[in-house]
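Heads up, the next two complexes both have chain A, just with different partners, chain B and then chain C.
Let's turn to the complex of A and B:
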């Protein structure tokens, strides 16, 4: 296993390098930081713009290869360059990835658990009304785009605040991570954070990345297992139906889910674009959208690279999780 | 523990010998809902199992034999409606709640299932799975239960039980997994073990081992066993009493010897007559039962066997006969037949009742002495190697696996060569190499005198007309989206047979294999398993080949269907002058159909010769063990046989033993040779030679051959 993982890491490094090159070339050829200055009134002198862009390593008059060389050298030293506003991409990302994590951690865990439980339950109760209700709910949620879902949940939150008579001192917040000026490490601060977290967490937990998605897959994999002879054996041994279903059935039905779990958790740092935008969390998802609209080559390349690395790590993680869950793949 | 409640038995249907039955099943019915309407899979069956006895239940697929036992265990899905009664140790099992039945299941009442791979949870070690059943019932601590599990593994004959208890099911062979299942079943010292086709998925030599283990289990626990099987040989050797099921009913029951010798119900007679027997000569006439078992959705009134029964009279189609006592040597012998009295009175046997097909005359060509007939298929020193590789992206060759390690045989016109051996012996690889018509790893294959290595693409295409194949699984080998006419036309279109001739030929072919030409536009799903195999045979015959390769053509079929297909193959060979390469693991079938037999072990042929020589004078210790492992459907003979048990499993072909490949499992090597003589087995691989055999056409690859009759 160790040797196998070492091999995999080797491939991953190779793939990460390819991803890096592609990420930068894509950002550098598709984005035009110069356009930011051209629309200004009065238009700044071209020499000033050139100088500024050169400082940022975004000058389109410098050959692409040269710009890439400069950027790659920085990346090799762990420096992702400067944003279009002259800030450090590193600083920006290292702040924002934790924002994303704080936003998504609870929602993702909750969504996964809900999905697994609902999926397994639905499979056991196949074609009963409870299964059919779960199916309808999850398909409705799957077909609602996150943008719509997020806005609906946001409005529901506002309505809740109104009917509960807390309009001036709301229980549920719809914007941001914490009320500005609040001390994070006080009871009130923690309460305030929770209040900010509730609505986006609901969106993440029930939406296409949570319950709705996992319950479908888990239901299918559980149905595959339910017909298995080994479940019958477990009952023939004297296990009660539910302990046979959970200890032998669900445990085995989790194996095909390993890949999804791994990707879900490796990509926690990447953020949820729409949820962040709509609830005003300044995480990685928001950063990515903003950097494209701002023609910010280095930020876009940086985020793309970051996501690529996380996807590769997720792949590695899924191999490990798979092997941990399934003894049959450990041998080969 | 629980006071036994005396239950009144149905009058006249059961003897009362004073022994309180362990399990009394009365009027058990099981109905499933289905799209086509309710399916009553079990229709009112009653039986007793007495403490310590073995009750065999025989029947074909769909006869309700497994469903009835699962109903007793409470393991049927919730969609099944169960009525009747099942009293186990004085306690009613049907209708018990999950909690109560869970206490009985696995402790007093245990079960062994058919497929030991899917019946074990893949993610837990075998030791843990055995320990689980101990902990559930005995409340032992985890490590105490583990220790007990190791003892049980030792008892069922797993070598290095301590170490092996930490293995996962996929690391065990089929036989080993079945041992684990048995260990699990006896873990809590049950009073009754239900074994549902426990050896069906296993090779014969492993089957013999497992039956031995079950016997041990029975002795250790004193448990009664219900043995469910379709194999009349297994019942003959293992069971005390038996019952035959058909269409959800018990149609005959009684002491094993009596039922075999004095069957009183035509279905039982037909079953016994339709199995090819190892102890009968080559030209035993099989009596197939015509037709197929009825659909259980809407059973007509009357005896469900009537449509297939040559003895049916009007009353058979009007009323279903009850299971009543019959005249025979066994006072408890029951049969459900309106004419059982006549059968008893006239002493009718299966050949009186069923039309035995006359064994067809061999065509003139095949009656010539063997040397004068042309060779149609010749295989010389055939080797097939698979490379073993390591690494992912950059594959490196780490070694090779010889699936076939130097095999030579030839088939002459009009003869059948049976290629037999256990799974993994290389028989399938051999035929695949032949069918590929390509240059093998080494050695030569010549079809109708043409060397496959030297063939041009065009020649290879042309020669495929003469070499056709019938596959094992008739479900998988026919495209479900093509009507039968298209399936049969396909090879002819490929080889440019004109359209007008094709249609005529399709009708002829269907008639030839015993199907109706007007069924040509039906899809395969409309046909039963036996009929589908006939379609497969018709397709193989479409181009009028000279050689047919038959890969386990009857092993997926039920016993009563099998005989019809075997008879068809017999007839076709005689009528069309075909030559067969018949691959099978069922030696009884091979005994019936083959002129010559080659026995393979781990990629080599260990014995080859005429069927009579090989079966009556088996000379290689492996052939002897293989033959002795096959149960005979005859209780008297079966119980008096001495069995040569092979130890262990087939070694891996990637790492075969040095010298003689069989020596690791050879009883001669283990018990009869001194170290000096063993040296030769260790160092030198024996070659096939006819020097030490009695027959003319009989060769064996053994350093110390000793013929022995084992049947």
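Let's turn to the complex of A and C:
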């Protein structure tokens, strides 16, 4: 088991490295930081622009191999380079990372839990009205893009604040992650953060990357298990229906979810990008969109590294969960 | 996944003389929601292509008498700030989204079938290469990579955009196809063809892929909705379809900011988009039940 995991970690780390390198090379050839200076009036002297771009390691007159060498050397020493504005990508990322992670972690955990519970419940109550309602809800939500869902939830929040009559002191905030000037580590500050967190988390938790997705697959997988012989045997040997369902049924039905979880995590970042942009959070998703529009090569590569590492961790986590749920994996 | 050679299992319902296609059609038609999905998709296609002929306003026309006006008999879905007609643009966007969704799904399924079948049939070096590429593509965040290419898309080549969308869609299906190919490869009819000297690519085209037609059809259908959603996401940030061209994604982006004050600029487009995706998903679900009654969940180990 240990050897298997080690082998797996090695492979995933290699893939994450290759992914980052590919992203850097693509960004370096496709983005044009020089164009940022072209539209200016008065136009800066070419030598000045060249010098500035060389400082940032983004001068397209330097051969790509040389630029890549400089960048790779920096990355090997833990330095992801500079943004187009001359700031350190590391500083920017360390500030924004936790904003996104907070949103994504809470959203994905909540979404997975909700989906698994609803899916398993729906399968047990198959064809009853509760199952049919859940199926319809998840099916409709699965067809609503995260962008649309985020706008709808945001407007619902604004409407809620208007109706409940506290527009000036709202309970649910629709912009940003904290009210400016609020002390982060006071009780009021924490409450304020939670108030900001509610709506974006709802979007991520119930949307395509959360509840809607997991409940459908969990229901299918649970239905397969419910018809199986070992579940009947478990009940025949005297186990109560409830403990047979949870210990033998749900546990087996969760195995395929572990695989889905790792695939979903990369998509979750995309979902978080919409959510951040629409709710005005300054996280990694926003950083990514901005870095593309600003022709910021180093930042783009940095975000890709972040996502690749997330996918890597999710992949490992799903392997561990897989092994914990499925004794056959542990034995081999 | 059932194989074509041993099809009819529920003989109590159907007599032996019914062909497989008939049976599938009958199973599909018995699902009311799936049929409704087909009807909605066909209606939307008709609306997107026939609507502009009969509707007086064109998508690039501006009405200087009606800026930002709510829905009215003259402008069914209202107008934008510049006087552009929301209904005409929605139809135009629908056209683009439909083309992108259908072509993209076709590309990605074809790619998945080719990569998976070749890897599963030829094994060895081919298999290793395909596996590494598949794994790498799964780690590479597709959304980010396509966004990086967005400056190349600005030159208006939306075919490249479709290829990119499809290029990040095929990996999981390719894995499933590979697994199926490996088991089909050992079947007598494939062995027989091989011993008769039929080249590998011909065996794949003639014997292997037709035997997983149901999987490929389902995958292509589901792919349509996910490609449409991906397009919407990318175009929302300006990384996809570029102006003056419009798609449902760019229209959503235009309307999102005005969703509270000028609801008609967002709600209609969003409604059409959700209706389209919902209908395609219903068709996909119906096809899955009709083609493949004993199907395992896709992608699950």
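FYI, the second predicted complex is superposed on the first by the 319 of 332 C-alpha atoms of A that agree within 3 Å, B and C clash if a C-alpha of one lies under 4 Å from a C-alpha of the other, contacts with A are read in each partner's own complex, and residues count from 1 in each chain.
To be clear about the criterion, a residue touches a chain if its C-beta (ideal position, glycine included) is under 8 Å from a C-beta of that chain, and two chains touch if they have at least 3 such contacts.
None of the values given here were measured: they were computed from a predicted structure.
Touch criterion not met for A:180: it reaches neither chain B nor chain C. By the touch criterion defined above, A:39 reaches neither chain B nor chain C. By the touch criterion defined above, A:86 reaches neither chain B nor chain C. Look at A:78: by the touch rule set out above, it reaches neither chain B nor chain C. In the superposition on chain A, A:260 makes contact with chain C only, while chain B stays out of contact range. Once chain A of one complex is fitted onto chain A of the other, the partner contacts of A:2 are absent, as it touches neither chain B nor chain C. Once the two complexes are overlaid on the shared chain, A:165 sits clear of chain B and of chain C alike.
Judged by the number of chain A residues each one touches, C leads among chain B and chain C. Common to the chain B and chain C interfaces on chain A are residues 11, 255.
The touching residues of chain A, when paired with chain B in their complex, are 7, 11, 228-230, 232-241, 248, 251-252, 255, 325-328, 331. Residues of chain B touching chain A in their complex: 73, 75, 98-99, 102-107, 110-111, 113, 115, 118-125, 129, 132-133, 136-137, 168, 170-171, 181, 184, 188, 391-393.
Partner chain C is touched in their complex by these residues of chain A: 11-12, 15-16, 18-19, 22-23, 26-27, 30-32, 139-140, 142-148, 151-152, 155, 158, 208, 217, 220-221, 224, 255-256, 259-260, 263, 266, 269-270, 273-274, 277-278, 288-289, 292-293, 295, 300, 303-304, 307-308, 311-312, 322. Partner chain A is touched in their complex by these residues of chain C: 135-136, 138-141, 143-145, 147-152, 172, 225, 229, 232-233, 236-239, 252, 256, 259-260, 266, 270, 273-274, 277-278, 281-282, 296-297, 299-301.
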